[in-house]
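This structure is in structure tokens; I'll ask about it shortly.
Labels run A, B, C, D, E, F, G and H following the written order; every chain starts at residue 1.
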Amino acid sequence: MRSEQIEALLADVAAGRLAPDAAMTRLRHLPFEDLSFARIDHHRALRQGQPEVVFCEGKTTEQVVAICERLAVATGSFLGTRVPEATAAELLRRFPRMAWNPLARTAYLAPSAETAAPRSTGCILVVCAGTSDLPVAEEAAVVAEAFGHPVERLTDVGVAGLHRLLAAGDQLARASVIIVVAGMEGALPSVVGGLVSVPVIAVPTSIGYGASFGGLAALLAMLNSCAPGITVVNIDNGFGAAAAASRICRG
Amino acid sequence: MRSEQIEALLADVAAGRLAPDAAMTRLRHLPFEDLSFARIDHHRALRQGQPEVVFCEGKTTEQVVAICERLAVATGSFLGTRVPEATAAELLRRFPRMAWNPLARTAYLAPSAETAAPRSTGCILVVCAGTSDLPVAEEAAVVAEAFGHPVERLTDVGVAGLHRLLAAGDQLARASVIIVVAGMEGALPSVVGGLVSVPVIAVPTSIGYGASFGGLAALLAMLNSCAPGITVVNIDNGFGAAAAASRICRG
Amino acid sequence: MRSEQIEALLADVAAGRLAPDAAMTRLRHLPFEDLSFARIDHHRALRQGQPEVVFCEGKTTEQVVAICERLAVATGSFLGTRVPEATAAELLRRFPRMAWNPLARTAYLAPSAETAAPRSTGCILVVCAGTSDLPVAEEAAVVAEAFGHPVERLTDVGVAGLHRLLAAGDQLARASVIIVVAGMEGALPSVVGGLVSVPVIAVPTSIGYGASFGGLAALLAMLNSCAPGITVVNIDNGFGAAAAASRICRG
Amino acid sequence: MRSEQIEALLADVAAGRLAPDAAMTRLRHLPFEDLSFARIDHHRALRQGQPEVVFCEGKTTEQVVAICERLAVATGSFLGTRVPEATAAELLRRFPRMAWNPLARTAYLAPSAETAAPRSTGCILVVCAGTSDLPVAEEAAVVAEAFGHPVERLTDVGVAGLHRLLAAGDQLARASVIIVVAGMEGALPSVVGGLVSVPVIAVPTSIGYGASFGGLAALLAMLNSCAPGITVVNIDNGFGAAAAASRICRG
Amino acid sequence: MRSEQIEALLADVAAGRLAPDAAMTRLRHLPFEDLSFARIDHHRALRQGQPEVVFCEGKTTEQVVAICERLAVATGSFLGTRVPEATAAELLRRFPRMAWNPLARTAYLAPSAETAAPRSTGCILVVCAGTSDLPVAEEAAVVAEAFGHPVERLTDVGVAGLHRLLAAGDQLARASVIIVVAGMEGALPSVVGGLVSVPVIAVPTSIGYGASFGGLAALLAMLNSCAPGITVVNIDNGFGAAAAASRICRG
Amino acid sequence: MRSEQIEALLADVAAGRLAPDAAMTRLRHLPFEDLSFARIDHHRALRQGQPEVVFCEGKTTEQVVAICERLAVATGSFLGTRVPEATAAELLRRFPRMAWNPLARTAYLAPSAETAAPRSTGCILVVCAGTSDLPVAEEAAVVAEAFGHPVERLTDVGVAGLHRLLAAGDQLARASVIIVVAGMEGALPSVVGGLVSVPVIAVPTSIGYGASFGGLAALLAMLNSCAPGITVVNIDNGFGAAAAASRICRG
Amino acid sequence: MRSEQIEALLADVAAGRLAPDAAMTRLRHLPFEDLSFARIDHHRALRQGQPEVVFCEGKTTEQVVAICERLAVATGSFLGTRVPEATAAELLRRFPRMAWNPLARTAYLAPSAETAAPRSTGCILVVCAGTSDLPVAEEAAVVAEAFGHPVERLTDVGVAGLHRLLAAGDQLARASVIIVVAGMEGALPSVVGGLVSVPVIAVPTSIGYGASFGGLAALLAMLNSCAPGITVVNIDNGFGAAAAASRICRG
Amino acid sequence: MRSEQIEALLADVAAGRLAPDAAMTRLRHLPFEDLSFARIDHHRALRQGQPEVVFCEGKTTEQVVAICERLAVATGSFLGTRVPEATAAELLRRFPRMAWNPLARTAYLAPSAETAAPRSTGCILVVCAGTSDLPVAEEAAVVAEAFGHPVERLTDVGVAGLHRLLAAGDQLARASVIIVVAGMEGALPSVVGGLVSVPVIAVPTSIGYGASFGGLAALLAMLNSCAPGITVVNIDNGFGAAAAASRICRG
């Protein structure tokens, strides 16, 4: 809640334009909608600059559908991540215009043209170490696009074949923010971070042989990067990386 | 190594302005200086937009002094982190102008006015959960200042007393990037991230009772933040947070 | 075994009202019933003030049914947690009056009116961070109700949107004990603990992206809470939180 | 921030008794005092029912002294935990009336008689498994006494010699809340929890051979207690257990 | 290889009763049988006093059947643990006399009367904390019986209801070795170890809520037992406990 | 990229045999092929002496088939590891000559005779502790053969029956490199390493009871081997061991 | 508390030989002595067959001396483990006859001849993998001797030089119980367990390079031993191994 | 023990050249020397091709000196690792010719010229990521030299400044085996492994900020390397890497 809003409200009360009771009610009447099992935060776009995104894992299809319907009514748009196939099918039945990306497991109902956020000018580059890391990278790319940013992709450029990465110098140079998705030893963000001066967001994935321990190896490697200024999000959290990149591009 | 540099060099060779041997030498003669125990990367400022910073833990005083002297000669400036007290004393003896911050354990020889980087316009806010987290927060603040950014500080605003944080809404609103330093349960970045739309960089610290496990509790909490778009650096890594914030402010 | 019981027994022996052998037998004949694979503790309600609850995970349907039938005979009531769907179906076939809650996975045969425990006056509030944490919160709520306590619920009030929690100040103020269920970074108990003076019991859930490590992140965060006096139960252990809240409300 | 306070303030503004600017200032002027490195929360006693306690680990002697002096001025009392010996000596020099407990490492300046909180009627029992666990148990006991509760102690009653615990049945029966402090296998809370119906708060300690892993073994055991309704605080966190017990006794 | 065997062999060579080549062959011809994917150690009964037991997890049905057939031919008996249901069915088809225990997942072809090992006189008591721990306890009991020892069972005597255990004092007193199987907090071996003077072997099980971490909580608790002289085997390793108990009873 | 290649290229440019633009193109035109979801590194055989191997876990059948077809066209050969059964079936349909090993889960299209790499003279011995470890050992053996090395196998020689290993002294003596595959306590590499002077590569497997923690126990044991000069690869990583052995045999 | 004791007491009460009150007092008057910070369990020798041993880590010198003096008065003997040097010096000043072993860190006051326990006939063999493991092995040996058992020692027989162990076949054959102390990969118990049929107790030590993680590597290896019937005690817990061996030898 | 030795011995017995008793004695008299606290393995050079190296951590100065003196007498040489400064001083007093390297903490008494092992022809390259990793790298280099191999060093070539590594292409190309020492994210071995075809041995170090967890981050990264054929030794184990490299160079 911004202080300007409170100042305006107080001014109204002082001027007699608003009764104290009504002011109290308004302060209480916060901008969310209560579905009993979920409180939809319609004002997040104002407060954080991004629409609320529905994390679908652990929710029933009924819950997801109800939330998305309310979002569609209120904003003309919604974005779901980690959408199970069955849930996606049910959503598609109701919102035929919705885009379902089975690799990224995202379900996106784009806003109509007039309400869409103006696209930022900077470009977000999503770099992906190996083919097996693609679902996470794709989640990041889809979310970033839904948040209104131009996105480029660079895939299968692991550190064991450096020439593939070095050959993409132009793409690296063009980016405003770089999201680097890697499993196994998680070394790619360090190498990318040493080549560029823009922000680098590292996403560890759970891909790897035994002692990757579900992505722990890559996560620790990225946290310990010797390239200064690399930041890290949770394992397999392509959505979080896109949200962070979006904060930067709007910053 | 940028492709333009190679193109220029190839053009010189083709034009007979440069012998192949000399071109080969130049490609080899990369912009670092070899002290046998360290290779100083003088061109990092060009490549990554930040000066090389000397991480002093695990290095002998002799090694640190030798590296700093070369940096001073080459660039007129140096910045050391995790500087042991004895090493700082020896550096101060040689560089009386150097700033030694014992809380942050940083040693900074500022460049002379004419070579200093132009200061960015955005402001970096360093938020610190508790008094015990101050050394890490201070490292972040000192490094960010050395990198040329205006810095503000907000201290002792842990989540168990939310009103202290909520009272600082103006400071939060003013920042371009926010570094949030917290130990114990590491919840502060989530709360801050829910209040602002700018990038939030979380720094877990090793402060806490038994099951904080040297900062692991705070680290995991921050990686699992329910506020979208929080990124995380290593435990106690104030330097890394400042470097990331600097990448963003220049971005 | 209470000392009064022994004293009474010794008095009976001294008075010749009880033969030593019979006294010995009585001391041995402790109040449990042996089903060979389970020893039902009928006196727990006396000793601990709560009925024995059947934890159904890892037990066969046959074992669960046999235990519940004995409990129904002896006390007119039973409560099962973590009940698999098939086991619930079999129980329902035999006890049509039983309440089966598929979200909480609880099966409850309420006692008949005259044997029901008198309801406590204090209210237990179950606060739930996100929709995905609902099954654990619901287990806590159902168990607390079965133990005879009035229960209120407050759902989807995660710390990234503080206004949703702050808007529920009345509910928080009304509670005698608050159970806070949260996954991801587990920050909600710290924030709630900072707002109220009543006991707060934190329940970490296994909900979250990769580095939540099955709830470990939330568990560690809650153990390290900077709000003084938060206590914690096991991951996903809604039952345990309700049992602890019940101990407090009867205390 | 309580809604009544806002209501009163809004009424004042509506009545012209308070200018909007002044109201804004007052909303900002929250009840903490800013020492630049610490924000003292003088109103915590109102909000949470307990005075703010100074956690001294990681703070310099100067910082601790400054905070305690402000607390003494504002409330006539302070309580420090984890107080290093040198800090305690400096505090004693300034506050000769202060009680310094070197085993518990607590420093307590009791309030003068007229400002002391009314003592609760229930009794808190601190049970300690072994002699090596005494410092943690003593921290719990001292803090509980400072919070105004009668405290009893029961020491060296580990589960490998059950008769020692069983002989203390009267003490167990008398308690309103029981804090159980144990290292090694952490089994004592389960046994105590099976004997009583009042709330049991378990405190794991870092005492033990190799695979206790700094108290992790006891912590996990307590979280997995088969006695329903045991809650757990952080390793070695006697303070936290006392704060939780105090919440219950006031509840 | 025992020194007596070598001495006898050397004596034979010296006496000309055995050619050096033949002696060499005999030293090489060690007592195992090579099935290419398995080397059956027929002499283990001599060397270690126990028949070789077939651990079936991770082996194909074909491999298990082949190994068991060779063992049946060579010794008239076999014992399989962790036998999948399908493998058991195939074994039963070929060895109708075989005993299949689906709870313990053991498959045992008892030796014919004349070759059976003489039964030891001491009794092995298998104590089981909860009904959910029964499969592990049963594996221990079946294996101990197959190794020729009298076995008693005591079930559902967890530490939260001590009276159930204390009522079984006679059984505890009668045992030569006690195997204690427990999940959750793993406290039962400490309590049993404090009551008896005979060897106690603790078996942690993987039963429990979230933070049992697959039995780690119980394992650590047992390793840290405050009852002196408790030893521990691997999580869920009923077989190993029986083998250890058998070593003791023959010792 | 080797310096000789650059020198040659620079010489061509200097001699006018190659235009700068063309040289630039050639430097850019690095030897990989872009399938959008994968960049095939055809020159790896030159650079690292081994063909690129397709790790199939986490790739769709379509992706694997597309990659293998390109490799077959370019080199007449391919080798896949961790091949799911369905993927193998699809590959077999297209490449009937392909060898599918269901135990090792490898799919190998051998090169035609004239392009096959010359076989090395040294022999790689794959030692396997137990029958359950066979799939990993077999992966190592198949890959080593595909890389052109003679391979021998020695199976079921765990340390609890040392005579089985000691009887195989000749095989151990014959090997140039020994790969030792073991789960459970992972002791076999230490024993083998104490018997031979050639390189020993240890492969931990995920086989074992509870506290093997998916191979962690064996991994840690091997890293801590008291036999000097044992090196270790990832859990279950038979492929990695074969690749390392191949580097040594060509070394 | 044994049932015979209760039966005798009940008989006395029935016969009028004992008043109920007096009987109650006697049941209460349990056989321990209360020093306020410790309850000495004088009857443990009767109950568990072993004297109470004083674990000195974490106790002050004053506490240890007070406990030992009471034990000396009551039993004429005491045994301390993990005794700090200063504590040992103070004990020696008071008990000049006491044996202080600085390598094992044990302090032992042997009972006078007439009260000493009869020595068992079986022999306990303590096998030690490396010289660095000696302190733990020596603790085991000293404790076993104090418990009245003949002890033999076998040192520096790690698995990387098997011939050193195999040469000691006679010693292995002679033992009734074998304690195997090993750090690093912890493989020695598996090898010993494969050679003998008597009970083998494994003691992991915290000796090793980085990834031994304070003995965790050896602990896990021993728990996963492929030699059936190995049991394990805590890391560095020589005392526990001796206590377990003593239980077996008296069994 | 080689089979040829046994064959020769058996032939001697058969020929009457050796009495059975004497043969038995000889078989027993294995080639180690018993110092009671250590068994020196003089024949290791024959069996494993490398002299026994004294790991000095956890041994007293007296033990180290005694072992080194026996080695000097028997072989004219010794090599100690992890030598504490005080122990080194005492060794230097007795062996003035000994080389003491305080950075690597090695103490080496080189053999006299005539007994020195013939030097291998291949070169071992020790690559070190950062200056802080130098002690481990230097241990590897000193040990490799003592084992008779030519050694080159390449220092401070971390992956965040790739040009420093790429500029050393000649050194990489020249090596027979490469040891790569790195802390932090441990990415260097993957990059080096992608550039060369010779064996690469990775050594993680314990250098790094908080979440390096004592080298665990680097260890896991190296085990998960995407460059095929990288093998790994224990954290900080420069000695082990040198021993492995030596096995390869002699292979």
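Basically, a residue touches a chain if its C-beta (ideal position, glycine included) is under 8 Å from a C-beta of that chain, and two chains touch if they have at least 3 such contacts.
These numbers come from a predicted model, not from an experiment.
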| item | value |
| --- | --- |
| Common touching chains of chain G and chain F | E, H |
| Per Cα centroids, the chain farthest from chain G | A |
| Longest centre-to-centre distance from chain F, chain (CA-based) | D |
| Separation of mean Cα positions, chain H and chain C [Å, integer] | 58 |
| Distance between chain centroids, defined by C-alpha means - chain C, chain E (Å) | 38 |
| Junction residues of chain E, two or more chains touched | 1, 3, 28, 161, 193-195, 208-209, 211-213, 216, 219, 223-224, 227-228, 234-235, 240 |
| Pairs of chains found to touch, sorted by chain label | A-B, A-C, A-D, A-F, A-H, B-C, B-D, B-F, B-H, C-D, C-E, C-G, D-E, D-G, E-F, E-G, E-H, F-G, F-H, G-H |
| Partner chain C, residues of chain B touching it in the complex | 129-130, 158-162, 183-187, 190-191, 193-195, 208-209, 211-213, 216-218, 220-228 |
| Contact footprint of chain F on chain E as seen in their complex | 1, 28, 30-32, 36-39, 41, 44, 55, 57-59, 63, 67, 204, 206, 214-216, 219, 234-237, 240 |
| List of chain H residues in touch with chain F within their complex | 2-3, 47-50, 53, 122, 169-170, 173, 176-177, 193-201, 219, 223-224, 228-235, 239-240, 243-244, 246-248, 250-251 |
| Residues on chain C engaged by chain G in the complex (per definition of touch) | 3, 6-7, 10-11, 13-14, 16, 19-20, 23-24, 27-28 |
| List of chain G residues in touch with chain H within their complex | 131-132, 134, 155-157, 161, 163-164, 166-167, 207-212 |
